[in-house]
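For reference, the structure is listed below as C-alpha cells.
Letters A, B, C, D and E mark the chains in the order given here, with residues in each chain numbered from 1 onward.
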Amino acid sequence: MNPFQLASPTWMISPIILPLIAGLLCFLLNRRTFAIALAAAVANLLAVCFLTYQLLLFGPMRCHMGGWQPPLGITLRSDGPAVLMLLMTAVTGLAITVYARGYFSHRILNLRQATQHQEQQRYFWPLWMLLLAGLNGLFLSNDIFNLYVTLEIIAIAAASLAALSGKPASQLASFRYLLVSLLGSLTYLLGVVFLYRSCGILDLDILQHHVANGPGIRAALALMSIGLLLKTALVPLHFWLPPTHANALAPVSVILSGLVVKGSFYLLFRLWFEIFTQLITPSALNFMGTLGAVAILWGAVQAMRQHRLKLMVAYSTVSQLGYLFIAFPLSRIDESIQVWSIVIFMALGHACAKSALFMVAGAVFLHLGHDRIKDLNGVRASLPIPVFAYGIAGVSLMGLPPSAGFIGKWLLLTSSLTSSQWWWALVIITGSLLAMIYVFRVMSRFFVIPEDYSVTTSAPLSPLLEWPALIMALISLFLGLAASWPMKILATGNTALTQVFPGGLP
Amino acid sequence: MTPADLHTILHALTLSLVAGTPLFMAALACTPLQKTVARFLPWAALPAFLAAFTAPANVFVEVPWFFMGSRMGLDENGHIFLCLAAFVWFLASFSSRSLLKDDTKRARFLVFFLTAMAGNFGLILASDMLGYYLFFAVMSFAAYGLVIHKETATAAKAGRIYLTLVMIGEVALFTALIILAHNSGSLAIEDLRGISYHPLTLALLFIGFGVKIGALPLHSWMMPAYQAAPIPAAAALGGAMVNAGILGWLRFLPLGQTSCPTEALFFIVAGALAAVYGVLIGLSHNQAGALLGCSSISQMGLITVIFGLGLLSHEAGLAAAPVLIIYVVHHSLAKSSLFFAYDLAHRQGKTLSYLQMTAILLPALALAGLPLTSGAIAKTAFKDLTIGLGPTWYGLGTFFLPITAIGTTILMLHFMHVLKDNGKRSLPERAESRTIFSISFIAVAITLWLWPAARDSASHSLAGAKILQALWPVTAGSILFFVWRQIPFCNKELSTAQEKQPSFATLLPPIMQLLEEKEWQIPPHDNVNTSLHRLSPHLRRLEKIMGRWKIVGLSYLALCLYLVFLLL
Amino acid sequence: MKTEKKSIRRIRNRGKRLDAWQLLLLFLLLCLTTVLGTIIWTMPENTSGLTDAVARLQEQSGVESPVTAVLLNFRGYDTLLEVMVLLLAVIGAWSLAKAPFSGQAADTGPVQMGVVRLLVPLMFLVAAYLVWQGSHLAGGAFQGGAILGAAGVLLLVTELLFLPAIPALPLRIGLVFGPLLFVVIALFCLCLTGHLLGYPEQAAGGLILLIETACAISIGLTLASLFAGGHPEDDHPQSVNPTEHSDKEEWP
Amino acid sequence: MITTLLYSMTGLLLFAMGLFTLFIHSHPLRKILAVNVMSTGVFLIMVATAYKPMPLGNIDPVPHAMVLTGIVVSVSVTALALLLACRVQETSNLDLLERKKQARIPEESRR
Amino acid sequence: MNWEQWLLPAILLSSFIPGIIIFALPEERHRLRTVLNLCGSILKIVLILVMDTGIYFGYNFEIRLSLIPGVELLLNGDPLSALFATLSSVLWLLTTVYAIGYLEGSPNRSHFFGYFSLCVTVTIGIALAGNLITFLLFYELLTLTTYPLIIHRGTEKSLRAGRNYLIYAFSGGAVFLFAVVALQTIIGPTDFTGAGFSPSFIDTHATALALIFILLIIGVGVKAALVPLHGWLPQAMVAPAPVSALLHAVAVVKAGAFGIIRIVLDVYGPQNLLLLGVLPLLAAVASITILYGSIRALQQDDLKRRLAFSTISQVSYIALGISLVDQPLAVIGGLVHLVHQGLMKITLFFCAGNLAETLGIHRISEMDGVARRMPFTMAAFSVGALGMIGIPPTVGFVSKWYLGLGGLAAGNWWVVLILAVSSLLNACYFLPILIRAWFGKQQGPWPDELYSGRFETRFMLLIPPLVTAFIVIAAGAVANAQISPLAWVRFIVRKYGL
C-alpha cells in the first residue's frame, strides 16, 4: 500500500515525526533554530489539517507501526477527539512558537544578561519541539505502554522547560514538578503492569473489547487514574501547578498551562469513557465530579487572592481543569458520549484562552518588569492589544457567549439539568462568577490611568508578542460561533454521538 | 371641493387658530421678536373672539392624529365660555402690555401668559377628555409661571403652594379620567352620558377641578397666588382660568343625567362652607389681591353649591346648568373687572376719585348681589333654582344666600377700603388701565341684561320683592362693615398671618429619614473583595498546607484507596 | 518558655518519631499495599501475555532474540521515543547549567592511569560485543550504550576527559547521531514498505544492527554527558563574546 | 506461581517503601532515591509478570522490553532530577527556600 | 440567501465595523473618527428603517446559525425588535453627536468611541435576538462592552462602581443562564415565536416553569434595576454623561426591560403565564420599584443620582405594563413606555451633562437660576421632567394613560393608585429642580464655568437634547398618528394577537 496516497493512515505519523526531526535539528544546529521550529510548527499544523480532512473523508483510521498488527504492534489511531486535540495543539503550538520568538528577542535586547537569555532560547526550541512531538504522540497513540513513554517525554521536556528561566524559584518548582510527574508516571506504570498481568494486552482497541471484570483491571484503572490525576493537577493534588506555571518563562507557561495538562487529562478521559466504560461505577463518577467541583471553587478562590498576575492565571488553570471533571458524573445519562463534546469544548476553549492569558502576562511582564496586580495601572494605554486579548480571553474563561467556554458550559449545564443533577449546575455557575471576579480584578487595573502616567519602559514590544495573544483570544471567542465544526469532527465515525442527537447534527 | 368641505376646513382653521395663535406667539416670544410680541399681545385673543362668534355650534372637527385622537368644536356652553375667556384674556393682555414695557423677564412672562391663554382657549374647544386634560394641564402649569413671576419670597411660596395643589389636582384628574375612559370605553365627552359614576370618581373629579376652582380643602393657593401674580395675570387667573374648573365640572360631572344625592350633599356642604370661609378669611387680609382671592373662594363656594344641587337629581341637573352659566358669566366679568380696578388703583398711585370709587362699587357689589346688577340676576337665578328643588333646599336660597351676600358685601367694602389707599407711587399708562377698567365695567353692567339666556332671570330680578330681598343683605353688610371698621382691634394687620400649607415636600422627610442610606451596596474595598481579604491569610495557609509533601502523600493515598474502593 | 520548650522538643523529635500525619500516611499506605497485594495474589495467572504472538512473528523480525525483536522491531516505535527521552534528558541537563569545569589539569596517579588504560578499551570492546550479541541473545543498544557510558564516566571521574572542553558541535553530532539515524531509517523503511519502522524482511537484521550500533554510541555519549552535568562551554548560538577556552589536552 | 508472587510482592513493597520515603523525607536526594526505589519495584513486578511457568512455555519478551524502556526513562529522569536538585542546592538552601517560598513574592527575573 | 437575511447582520455590522476601526485609529484622528461614527450611525438608522418598513409590509427577516444541537443563534426582525432597534439607533446617533461634543479634547477617545460603538452593536443585537440564547449572548456582551465605558474616567470611584456593576450584572447573567438552560431542557428551543410554549408543559412542569420564570426575571431584572437588584445603577453614575444617557435610556436598563417583555410575551406567552399565576409577583415587584425609586430620588441632591433613581422607578412601568399581560391596553402602555422613557430620560441626562460640562453643576442645590444662563438646555430639561411626571402632551402621559386604562381593565385599581402616587412623587422631585432653575436666584458664581461662547454651551451638546425634547413633545402630540411609537406598539400588540 502506498503510504503517500490520500487515504493512507500513515500520514498520521507526520505530526509526531515532523516536530521530532525539528527538535533534533534544533539541537544539532546552532543557527536558524527559530526558522526550523517555525517550519515544523507550520508543517505540523498543515499535517493536522490534512488529518482532519482525512478524518472527515474516510472516518477514523488506524496506523500500525512497522506494519505489525495489534496486539503485538503499536497502533496509532486518529478519531474525532484525537484530531481535535491535535488541532488545538497545532494552532496553539504555532502561536507559541511565534510568541516565543518575540519573547526571547525582546529579552535578548537586554544586553546585561544577553548570554543567559540566548542560552535559554537555544535550549527552548529543541525542548519545545520534542514536547510537541510527545503531545502529538500522546493524542494519537493507541497503546497503553506507548502512552507511558509519551507521558515521560512530556514530563521531562516540560520539567526542563519549566526550569529554563534559571531562577531558584522556578528550578525548585520544576524539581517538584519533575518528582510529581515521576510519581504520576510510576503510578500509571504500575497500573499498566496490573493491566498487562490481567489481560496480557496493551492495545486499547483490543482492551476495550476484552475488558474482563476482574479486580486487577479495576485496580489498574484506579492506579492509572490517580497517576494521571496527579499530572492533571486536580485539587487536592494541584500543589505543584501554580508555582511551576507562574515561575516559568512566559512561553513555557503557555505550553504548560495550555497544552501539557490537557495531555494527561485527555488520556484519563479516554481511559474512562472509551476503554473501561463497563467498569465505571456511578459513585466513582460522582467522586471525580466532586473533586472537579472542589477544584473549580478552590482554584477560583485562590486565584482571587493572588497578588501576581501569573499566579492568578495559574490558579485559574486549576479552577478551569475542574470543569473538565464535572463532565464525569454527567456522562451517565447520555451514555458517555455527549460528554466528549463537553470536554472537548472546555479543553479547546481553555487552551486558547489560557494561552492568550499567559502570553498577555508575559508581555506585561516584559513591559513593566513585574506582574504585581496592584501596580498594573494604566497598562491599557501602552499595551492596547494585549489588554484587549486579556479581556477576550477572560470572557472565554468566564464562559460568556459566544466563546468556546460558553458552549462547554452550556453543554455541562444542559446535561446536569437533564440528568436532574442541578447541584453541578450551581457549582458551574458559581465558578463562572468567581472567574468574573478574578478576571476583572486585573482588568479594572488595566483600565486605571493614573494622572502622572507615562510609558516608562525602554523598548516597545514587538508585534510578535502581542498578536499571537490576540489571535488565540479571538479563536477562543469565535470557536463558540463555529462550534458546529468541532462537533462535526467529533461526530465523524462516532455512531453513538449521532444517536445522542437524534435530530441530526448541524 | 364642495362648499361644505370648504366650510369644514374654515371651521377647523378657525378652531386651530384659537389656541394656535397664542402658542405661536409664545414661540415667537422666545426669539428676539419678543418686543413685537409684547406689542401685539392683545391680538392673541382675537381668534378666540372670532371663533366664539362665528363658529357653528356642535360641529366638531376630528383630529385623529393629534395626541390620542382629538376632537375640537364648540357646544353652547363652549361659545359662552370661550367668549368670556377671550374677553378676560383680551383685557388682561391689554393691561399687561404696559406692564411689560421694561420688564427684564418679559420673554418669560410672555411665554407663560400666552401658553396659559392657549391652554384656556384650547380646553374650551376640546371635546374629548384628553384634549381637555391636555389644555387644562398646559394652562395650570403655565399659570405657575405667572404666579411666581415677581420672584419675591412670597411669590415663591405662593407658587409652591399653587404647584403642589395643581399637581394633586392633575393626578386626581388623571385618575378620574382614566376611570371614566375605562367605564365609557371612549374618549369622547358625550359618551360619558349614561355611564354610572363611582363615588370615588366623583371625589377625584371634585379634587381635580376643585383645585382650580378653589373648593374648600383645596383653596389655599388662591389668596397668595392672586396677590403674588402680576395683576393682569391675576385677572386672567380669577376671571378666566377659574372657569376652566367650572367647565370641567360641567362637562364631566353627571349633571342632569344621574342623581347621586350623597355626593351632591358633599358638594353642597363643601360649597357652603367655602362660601362662608372665604368671607371670614378675607376679613383677616388687607391686600387687595388676596381679598379678591378670598372672594373667589366664597363665590366659587356658591357655584359648588349649585353643582351640588344639580347633582341631586336628573331634573335638578337640567335646571342647574343654565343657572351655573349665568353665575359664571356674572362672576367672571365682575371679578376681572375688580382686578382691573385694582390695577387702576395700583397704577394711579393716588387715592381714587369718587367717580372711580363708585364705578368700582358696581362690580364689587354686583358680587354681593346688589339689585340691578348682574349679581342680582345671578342670585335670582340661584334662588329660583332652590325654589324649584322643593322645600328641602328652599332655605338655602332664602337664608343662606343672603348671609353670603352680607359677607360678600363686607368683604367687598373691605376691598374698596384697601384699594382706596393701596397705590403708593404713580405708574405710567394710567389712561390705558382706565380704558380697560371702563370696558370691563361696561361689560359687567350690561352683559347679563342683554344676554338672551339670562332674560328670564333678569326680568325676575327686577320684581320688587326680589329687589328688596337683594337689597337688604347689601345694606346689612354695609352697616356691619362700618361697625366693624369702628372696632379697633379688628383693624390690626392680620394679613401677614400666612396659612400653613401641608405640601408634599414637608410630608416626606420622615419617609426619607426612614430610607436614608439603607440601600444595599457592596462595601467599598480597594484591592480584593472584603470577605476574601479577610480570608486571604487562611486561604494562603491552607494552600501551603496542601502543598506539603506529607499532605500531598495523604491525599494521594486517600484518593487512590478511595478510587480503588469505588471501582472495585 | 513553654512554647520554646515545645518547639525545641519538636525539633529534637523531628526525624525520630513519626507524628500523627505521618502515622496516618503509613496506615493508608499499608492499606493500599494490602489491597494491591491481595489483588495481585488473587489475580488469575492464566494469560500468556504476548508470548505467543512474539513467538509466531519471531521469524519475520530479522533477529533471533525475542526481546530485541520486540524492542526494535515489533515495538520499535517505543524505542524510538525512548531514545528521544534520553536525548531530552541531555538537552534538559544542558539547559540547566554549564558543566562544572575546574580548569585544572588532571592530577592522575599512575595506578589510576593504568586502570583506565586497561579498562576503557575493554569496555569499548564489551560494549561492541553486547550490541552485536543483541540480535540473538540478551543485550543490545542499551546495554552496550550503558557500558560505553560507564567508560565515559570513568574518564570523567578521573578527569581525563573534559566533556565541557569538547567542542560542542561534535558532541552534539554524537548525541544526535543515534536518534537521527533511527528516525532516518524509520522514514526510509516507510518509503520502502509503507510502514514507519517496517523493515524489509531481508534487511531487517542489518538495519536493526545499524540502529543499535548508532544508538549505543549516542547512548554512551548521552550517559556520559548527563554525568558531566551541563552543557559545554561554547554551546550557545551566535556568541556575543565568544570566550576562548584554554587548550587543555583532551586525551591523555 | 509462587516465584511470580514473591517477586511481585517484593516489588509492591519496594514501591510502597519508595512512596513513603518520597512523602516523608524532605531532602531532595532522598526523594530522588525514593522514586528510583519505586521504579525498581514496578520493574520487579513487571519482570515477575513476564515469568511464565513451564506449561505455558517461554517467558514473555514484551514486559522485558518494557522494563528496558522503563529503565532508560528512569535513568534519564534521575539524571535530570539530580541535576536540578544540584542547581537548586547551589543557588539556595532547598529547605529554607521551600519554607519561605510562599511567604515572599518570588520574582521571575530581575531586570 | 437573500437581502432579508443579510439585512440583520448588516445592521449589526454597521456599528461594529466602525467600532473596530475606531479602536485601531490613533488618538489624534478625531475628524476621521467623527465621520466614521456619524456615518455608521446614520447607515444603521437607514438600514433599520428599511427593516421597519419591511416588517410593516410583512417581510420576514431571519438568519440562523446553529452552533451545536440545541444552541442556535437566531436573529429575527419582528415588530417588537424593530421598536427597540429603532429607538436604540436613533438615540445612538444623538448620543454620538453629544459624546463627540462632550469629550472634545479629553484623552482616550478612541477607546471610548470604540466601546461605544460595540455597545450599540450589542444593544441592537439584543433587539434583534430571535431566541433566548441569542438574547443571552448579547445580554452578556452588553455587560462587557458597557463596563469599559463606566470606568472610562479611571478613578477609584468609577472602578468601584464598575466592579459593583459587574458583580450585579454577571450574577444576573449567571442566574439567567441557569434559567435558560433549565427552560430549554423542559421546553426545547426557545425561539421568540410570539405565542409561548405549548400549554401541555404546564401540566407536567408547573412548579419548575414558575421557578424558572422567577429566575429569568431575576436575571433580566438586574439590568432593569428591579428593586432589590438595583444597587448598581446609582453608582454607575460616575460614568461620563453620554454613557449615563446611553445606559439609562437605551442600552442597559432597556435591555433588561426588553428582556422582561420578551420573556413574558414570547418565551412564556400570556396564556401560560396566567395559568402559572406568577405575574402578580412581577407586578408587585414592579410597583414596589416604582415607588421605591421615586422616594429614593427625592433624597438625592446629586442631579445624576436623582435621575438614576428616577430611572429605576420609570423603567418599572414597563414591567408593570407587561405584568398585566392579558390586557392589551396595559401591554401597549408598557411597550410604548420603553420608547418614551428612553426619549425623556436621555433628554434629562443630556441636560445634566450639559450643566456639568458647561458650568460644573452637579448638585441640585447649585442650580438656582441656571435657566437664565442656559435657557435652551433647561427648556429641554423641563420638557423631559414634565414628561416624566406625565404632563400632556408629552409622551410620558401617553404611557401612563394606557397603563392606567389597562390596569382598570384588569380590575386592578391599585395600578392607577400606583401611577397617581408615582406621578406625585415624580412631581415632588422634578418640579423643585425646575423651579430652582427657572425662578431661583443665582447664588454666587457657577461652580466651575468651563465654557463661554456664542451659544450657551457647545453646539454639539446643545442639539441632541433639543432634538430629543422636541421628539418628547412631538411623539406625544401626534401619538395617535399613523407613524408614532404608539402606532407601532399597537401594531406589535396586534401581531401578538392580544
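Keep this in mind: a residue touches a chain if its C-beta (ideal position, glycine included) is under 8 Å from a C-beta of that chain, and two chains touch if they have at least 3 such contacts.
Since this is a predicted model, take the numbers as computed values, not measurements.
Traced through touching neighbours, the fewest hops from subunit D to subunit E number 2. Considering the contact criterion stated above, the chains in touch with subunit A and with subunit E alike are B. Contact with subunit B and subunit E alike is made by A. Chain centre most remote from that of subunit E: C (centre = mean of CA atoms). Compared with subunit D, the chain whose C-alpha mean position is the greatest distance off is B.
Between the chains A-C lie more C-beta contact pairs than between any other two chains.
Separating the centre of subunit A from that of subunit D, both taken as means of CA atoms, is a distance of 26 Å. Note: centroid distance subunit C to subunit D, computed from Cα atoms, is 15 Å.
Once the centre of each chain is set as its mean CA position, subunit A and subunit B turn out to be 78 Å apart. Distance between subunit B and subunit C, defined via averaged C-alpha coordinates, is recorded as 105 Å. Shown for subunit D are the residues that touch two or more other chains, namely 19-20, 22-24, 45, 49, 60, 62-63, 66, 69, 73, 76-77, 80, 84, 87.
In subunit B, the residues that touch at least two other chains are 540, 543, 547, 550-554, 556-557, 560, 564. Contact of a single residue of subunit C with at least two other chains is seen at positions 22, 25, 29, 32, 35-36, 40, 48-50, 54, 70, 75, 78, 82, 85, 88-89, 92, 96.
Pairwise, the chains that touch each other are A-B, A-C, A-D, A-E, B-C, B-D, B-E, C-D. Those residues of subunit B whose C-beta lies close enough to touch subunit A in the complex are 527-529, 532, 535-536, 539-540, 543, 546-547, 551-552, 555-556, 559-560, 562-564, 566-568. Note for the complex: subunit A touches subunit C at residues 1-3, 8, 10, 13, 17, 20-21, 23-24, 27-28, 30-31, 33, 63-68, 71-74, 114-115, 118-124, 126-127, 130, 133-134, 137, 143, 145-146, 149-150, 152-153, 156-157, 159-160, 163-164, 166, 171, 194, 196-202, 214-216, 219.
Those residues of subunit A lying in contact with subunit B across their complex are 183, 187, 215, 218-219, 221-223, 225-226, 229-230, 236-240, 279-281, 283-284, 287, 291, 301-302, 304-305, 373-374, 437, 441.
Those residues of subunit A that touch subunit D in the shared complex are 72, 110, 145, 149, 152, 155-156, 159-160, 163, 165, 167-172, 174-175, 178-179, 182-183, 185-186, 189-190, 193, 196-197, 200, 202, 243, 247, 249, 307-308, 310, 365, 369-372. By the touch criterion stated above, subunit A contacts subunit E in their complex at residues 341, 378, 380-381, 384, 388, 391, 395, 398, 400-402, 407, 409-411, 413-414, 417-418, 422, 425-426, 429-430, 432-433, 436-437, 440, 443-444, 447-450, 480-484, 487, 501, 503, 505-506.
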